[in-house]
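A, B and C label the chains in the order they appear, each numbered from 1.
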Amino acid sequence: MTLHNDDVRAIAALNRIRIEDRDVEATAVALSGIFGLFDALAQVDTTDVKPMAHPLDLVARLRPDRAEPVTQSGTYQTLAPDADDGLYRVPKVIG
Amino acid sequence: MPDASWQPVIGLEIHIQLATASKIFSSAPTAYGAAPNSQASAVDIALPGVLPVINADVIRMAVRFGLAIDAEITPNSVFERKHYFYPDLPKGYQISQLALPIVTGGHLDVAAEDQTQRIGITRAHLEEDAGKSLHDAFDNATGIDLNRAGTPLIECVSQPDIRSAAQAAAYAKRLHTLVRYLGICDGNMAEGSFRIDANVSVRRGATDEFGTRTETKNVNSFRFLEQAINYEIERQIDVLESGGTITQETRLFDPDRGETRAMRSKEEAHDYRYFPDPDLLPVAITADDIEYERCRLPELPAAKAKRFERDYALATADANALTVNPETADYFETATAAAGDDPAALGRPTANWINGELASVLNREGLTIAEAPIRAGQLGGLVHRVADDTISGKIAKQVFDALVAGEGETADAIIEARGLKQITDTNEIAGYVDQVLAENPEQVEQYRAGKTKVVGYLVGQVMKASAGQANPKEVNQLIVDKIG
Amino acid sequence: MSQPETIADIVSGHIASPDTAKERIQACHAKIERSQSQLNALISQDHSASNNANGGSLSGLPILHKDLFCTDGQATTAGSRMLANFVAPYDATVVSRLAKAGAVSLGKANMDEFAMGSSNETSYFGAVANPWDTSCVPGGSSGGSAAAVAAGLVPAATGTDTGGSIRQPAALCGVTGIKPTYGRVSRFGMIAFASSLDQAGCFARSAADCAPVLGAMAGFDPNDSTVADQPVPNYPAALTGDINGLTIGLPRQYFDAEVEAETARAIQTAIREFEALGAQVVDVDMPHTDLALSTYYIIAPAEASSNLARYDGVRYGHRCENPTDLTDLYERSRAEGFGREVQRRILTGAYVLSAGYYDAYYRKAQRTRRLIANDFQQAFESVDLLATPATPGPAFKLGSQIDNPTTMYANDVFTLPASLAGVPAMSVPAGFAGHLPVGLQLIGPWFEESRLLNAGHAFQQATDWHTRQPPGFE
């Protein structure tokens, strides 16, 4: 499959990655090359094959409903590029 | 005037916040109202390297919910990731369920506008709540509080079976009652524990294709739900009748104006890129697990209302009102038991007190039944004394008010202290009767002339003379005996 | 040329005399400092640790952690500008387990950004050089760990392997590296690349040295829902060195593939050595092997695009200067914070999951993944282990493949299938192609790490490739 410049722009916007106009073409070429690898799969008959989501055929282990206090919230806040009054700050979002 | 042939088609998606101690995938507490971000653990803020682990009680609650709506429980349900970027969604995806939700295919029978209708429930899936964006926290920035992030939710999706705003509200109320009974949700709508999204469309006639629908989000009261749906129905009919088309969009209800308005539309179409969360494995629920939860189910509201009608000889409306939440039902049963051991006779007067006087006190004071100023046992004691003719209904209201005001511990104590016991001494009553008959010769004449209704006036006068303590039935009998 | 000490000797020395642990740690720090300008094997060095000669199985053993593992109070970068200033507020389970066993972390090893790469050239902190030839790559993504062990900076290092990120650099640097069964070691605190494939493991000179390190890392962890609740065998005790009667399968598809000539010769020699030790060697058929490359490069990027969505410049990590609005904050923070290869994988991954492509790519790859796993299931019905080349050739020149992602991806062709199936696999030094090491890959059935380690140990009892040290780093 070949990806075009508009495909690259759309998927980059969906993933919130700014791609400069001058880089769009090169990215489209690189991604098209990668998607070229995938063509092999289309030839394989997988009609009765169950999708494999996980390497081990296990089921979830559940945890008892016990609350533990959050002791490090102060530390977590210090990791933030912009936090104030216990809140993370982001540019104004209009509801 | 809109054309009467328009038919609304309504489906509700209700987010039910589960009453667990800890979050769905982390051990952080779920308590409401803590300082911002003080209940957001490393998992909740999505630090690099952290992993989710499923809370067992969340699964149990979902199974109970599924059983209560007669649904199928999925033996291997799967959590998936739903991707979108928003600052109150720390991972950039919400862990939810898509292809294999834990509950599918249930229903709820709903009475509204004089008919009972079965509303289908397509599915109920588990997911985590997002945090909160506080748009007014700073002058030029939005503040993000992640305390709510990771709080467990059931999203219950109805079929588009609902045909009016009143029916929608009745369905939502029924579901609200149910989750309270199951003990899986505190039902606190002001705190967002029970949030309703309404999908509304209209069509010409009952057999047409569905029209384009809008989704009105996060309605947090039943009254607003009715208002929002009615507004939306009228708006859509107006648009269509004036030749316009309905845009599929998300809308918000503005309670101040009583109208819905479109949310600012996102620049791009949603593409949530769901896929099974590789950090979590399928949730296995065995037949034994389901049986175990079935045995632990409490008596559900519909069954309880039926039993109240039968055992307490209640009218359907009274039984429904008393079973609206488990606390009211328990209050009623405790009070009736305290009133004596004849539920069939004592149920109705007890119900009348609760649905009448007590309801208006609670309403006036803004209290819940759990905060009622008069305890169930106290009310039962009062009903008991009316039933055994110790006091009249009129005196009973005085005693009720005194109990509400905290002026005595029991009805008996108040009756005793204030000397409110009915006069059962026939001689004493006869004295009052003779006095009243002598003072009202005109009414006595009217009675004798066949206007028997006037006896009510004479009884009233005797009651007044006895300061309400005579037994009105006895007084009535005495008067009739004397002048008839 | 002195023989490197074994970890067993080192640890018993430390237990007998804790001061020797202190001396060894200082000596390792000095070696690290001397090597840095040549190899760039570390992203950060940690002088804070005590000698930790606590009597545990790794008493006072100096190690490095791949910088993908969170270390409490220490910079944890994942080799990315995105986390260049991130100080982890907690320890990964692997980190705390190793510390409890007595290991002493001397710092964080360099790596490809977010473990995405096969050459260690995608690191924001610069490429790592191969100690055998500093103009060549060490392999990736755990390139810093492999280079550090090869250069003798530390006796052991942790790594992670998603599609070959332990085995490929182990092969290219001439050390032993084991990726255990998926679910054998907790992923908690290990920064996620592709959650259904990521698995922690370790590097050391020999299988005998890997055994106690893996033993200390492995086991149940309530914080990871996907870790197996199974007892961990005593790996060192399993090293009998006896492989008489063991059946080793040679998957035809791996040997029909294009392999550099000297590498192929070294592998054949190694297989004859196994026969000499009493193993029975048979050909096996694994017909879906050639689907692994495309299957992996759909599934891993899909999961990566999701796992890396959390890096948005809000709660931690890189944030662009003066964002004009929310979208600008996201788009520039992520464009500046992630390198080119990481961006390519995010875009690829999002594409294969997006509406209209999910069934043709992601869902399809989940099905071919099962076919690949079934190949292993069937092979292990008739053989005890599989042996293959670890890589198609020895270390390549720095800069030679970095601009061509599809060529770079092909380096993983022999390591990807075991990752997709989740089975344990190991690379052991098996000779040289010219002056550069060659690795033999051994693959075992699920949870049979003991068998793998014992086969590697038997081979290393009979050969001395694992004791060779790169010139200048003896």
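To be clear about the criterion, a contact is a pair of C-beta atoms (placed from the backbone, for glycine too) under 8 Å apart; a residue touches a chain by one contact, two chains touch by 3 or more.
Since the structure is predicted, the reported quantities are computational estimates derived from the model, not experimental observations.
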Higher-contact pair (C-beta pairs counted), A-C versus A-B: A-C
Central chain of the complex, centres being mean CA coordinates: A
Centre-to-centre distance between chain C and chain B (centres being mean Cα positions), rounded to whole Å: 57
Inter-chain centre distance, chain A versus chain C - centres from mean C-alpha coordinates, in Å: 23
Chain A and chain B: spacing of chain centres that average the CA atoms, whole Å: 41
Interface hub residues of chain A, defined as touching at least two other chains: 13-14, 16, 53-54, 56, 58, 60-61, 63, 72, 76, 79, 82, 88, 90-93
Residues of chain C touching at least two other chains: 86, 89-90, 196, 222, 225-226, 305, 309, 312, 314-316, 326, 330, 350, 354
Chain B residues counted as touching two or more neighbouring chains: 42, 45, 47, 53-54, 85, 87, 144, 271, 278, 280-281
Complex contact set, residues of chain A against chain C: 3, 7-8, 11-19, 27, 30-31, 33-42, 44, 46, 49-56, 58, 60-61, 63, 72, 75-76, 79-82, 88, 90-93
Chain B-touching residues of chain C, taken from the complex the two chains share: 69-70, 76, 78, 83, 86, 88-90, 92, 187-192, 194-196, 222-226, 302-303, 305-306, 308-310, 312, 314-316, 326, 330, 350, 353-355, 358, 362
Residues of chain B that touch chain C when the two form their complex: 42, 45-54, 81, 83, 85, 87, 90-93, 144, 271, 273-275, 277-281
For the chain A and chain B complex, residues of the former touching the latter: 10, 13-14, 16, 53-54, 56, 58-70, 72-73, 76-77, 79, 82, 84-95
In the complex with chain A, residue positions of chain B that touch it: 20-22, 27-30, 35-42, 45, 47, 53-59, 76, 78, 85, 87, 133-135, 137-138, 140-146, 263-264, 268, 271, 276, 278, 280-284
